[in-house]
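Read from first to last, the chains carry the letters A, B and C; within each, the first residue is number 1.
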Amino acid sequence: MTPKISLLAAAWLVLKKDWQIEWRTRARLTALIFFSGATLLLFSFAMGPDVTSLRAHAHGYLWLGLLFASVLSLGESFRIESENQALTGLVLTPVEPRAIFIGKVLGNASMLFVLSLVLLPITVGLYDVTLTRVPHLLLLVLFLGVLGISAPGTVYSAISANARARDVMLPLLLFPVLVPLLLAAASATKLTFQPDPQDQLGSWLKLLIAFDLIYLSVGFLVFPKIAEED
Amino acid sequence: MPASIPLLLLLALAVMVVVHIAVPKTRTILWKLSAALGAVMLGLLMYLGMFYAPPEAFMSNVGRILYVHVPYIWMAFIAFLMNVGCAFGYLMKKSWVTDALAESSAEVGVLFGAVGVAMGSIWARPTWGVWWDWDPRLISTTVMLLSYVGYLALRSFTEDPERRATWSAAVGILSGVSLPITYYSVRWWNSLHQVQSSTASVDKTMGSVLLWGLATLLFFLFPFIVKRYEIARARQTAAMELPPLEAPRPEAA
Amino acid sequence: MSALAVEAIDISKRFGARWAISRLSFSLEQGRSLLLTGHNGSGKTTLLRIISTAAFPTAGTLKVLGFDSKKQRDSLRPSVALVSHASFHYEDLTAAQNLLLSAKFLGVKDPAATVKELLERMGLAARADSAVRQFSAGMRKRLAIARLLMKAPKVALLDEPFGELDPAGILQMEQLIRSLQAQGTSVVLATHLIEQGLTLTQERLHLEAGRKVSPS
């Protein structure tokens, strides 16, 4: 039997629903921003006041900060679904699990993207980087990077939300998988902060796109098995 | 030692594996045979590695640990390939055999991999002066091991067998997919920074000893996987029995 | 002859090491209603979840409206609805927003008007724009019922619908159940209020430790 609405329409409803909830609980987003800002601050304290060194490594600190924040935001994204078993409720409506996956990945990615934008001025303040060289490419890198965190992150947070030791399970599962993403996103970001004489940025962008496509496809295929008992 | 001897032994092992799967009656003896043969081959490997093979140009005698280090890592990769295969297999068609094999290959793979990485560190320190470096193979292997430690943690934290099997399969696939991506991204990074890769050229004698090491460890890998698989199956079967048709009557006082 | 509303063929359900349902077989014709009784932990909630396709039997076959609950779940889901302990609500959205979301997923023709009417019918109109987090247990139950009514299922599964309700609420719930039945819906009702339950249903299934037993 064909569902009443299309896959994309259902995904859009899921995404809007997540935005609605984020807006209504925006105090939490604010707390997340302060957490990430504090993380960046702690990096600068741990490394010491050498501005040259901080500037040289700022790309790494930014992405580490985003990575840590993502664990919190991904965890929360599925906590709201497991509270009252709302995710099961969606599946029974019926809503196609694949639509839920698309909606949640985009929701998580958009939250992290907003977070990354807010962190940019903090990065400038703490590490004295230049954002104005290729700002459009920087935004592209940020977007591709957070999408790459969200794709496997959505699958793993769906699993962890129902597992024991869930706080530790998500980063334990997610971080090894994100090693190449971290490498690519940080390297690409560095090449937007600094001059790129050998034009390596293009290669890193391609790697990011490949990573995103692969994990979106794998997640798309695997998520339905997790969203419902089989 | 001609290369044909280890190749013949590998063929024998392949036959043993096929017979083990096809003929249930042989399942009690073949793994023991394999382990015994492996022990003998290990003794020979010690001799070959320490005395027969010539010292390597850069690394002199320290490099001899390669004859066990490299096979251990290969075993880990074979086991993980098996795990990824089982993960795909399970999601396509649910089967307890596939899940048990996945559990076995993950655990055995972590074991061999951890030993292999430790050996690699022991070799690297006197050779390059560091315990760790930015080599794509090293990074990929470590990421692989970390992924599977997480995999095993998830399995041990999930009590429901069906859920455990499904979630493990999902994690197995994502982890498996991350391997080639990790390898290529580190290699890419190295090439962009003009870091030389450390592939030493392998002379024929060394190559044959390496092959002997590979064969030896395969003769060990087979029984490890078999026994761990049997443990996994036993645990599953204990949990799987349907309850009796009629409710058990309470004992009369 | 039309398909049975529910047909359980030797189903068993295991969670971890425990069998929540053991070798259960029963059937219910369409248009008839079933009273499900048993102590807490006897398997009532699990059975309702299995019929709703939120869970699947470990062994055996369950057919709902002629569809295999596991293999044909997509065909089945639009026709079955469950009101259970887990309310499926989003705590931070309002009652209206929660219902509107379901309405849009269901492809309801005039979502806003339908939602308004249902909230009024369930006595939640005054709190339509309050977050569910602030709702009492009884109000959450009424919101869940509203969602079920919107779906207009052929099989309605109610897990302790009278819990948390005052006498007026219980009366309203009974009326709701009767109006569902008047539309031909098959109702499976799990409740501790056995007298009420018996007046509302034609058949009874009593569970003990996941098995069908005769009620003592």
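We take it that contacts are C-beta pairs under 8 Å (C-beta built on N, C-alpha and C of every residue); 3 or more make two chains touch, one makes a residue touch a chain.
Because the structure is a prediction, the values reported are computed rather than measured.
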Greatest Cα-centre separation from chain B belongs to chain C
Between A-B and B-C, the pair joined by more C-beta contacts: A-B
When the centre of a chain is set as the mean of its C-alpha atoms, what distance in Å lies between chain A and chain C? 37
Counting only Cα atoms for the centres, state how far chain B is from chain C in Å. 49
Which integer distance in Å separates the CA centroid of chain A from that of chain B? 32
Contacts with 2+ other chains: residues of chain B: 162
Sites on chain C at which at least two other chains make contact: none
Contacts with two or more other chains occur in chain A at residues 229-230
State the interface residues of chain B toward chain C in the complex, per the touch definition above. 159-162, 239, 242-245, 247
If you look only at chain A, which of its residues touch chain B in the complex? 152, 155-156, 159, 162-165, 169, 172-173, 175-177, 179-180, 183-184, 187, 198, 200, 203, 207, 210-211, 214-215, 218-219, 222, 225-226, 229-230
Looking at the complex, which residues from chain A come into contact with chain C? 1, 3-5, 10, 13, 17, 20-21, 24-25, 80, 83-86, 88-95, 228-230
The answer for chain C against chain B in the complex is residues 12, 14-17, 19, 22-23, 58-59, 208-211, 213
In the complex, chain C residues that touch chain A: 52-56, 74-75, 77-78, 80-82, 86-93, 97, 101-102, 104-107, 131, 151
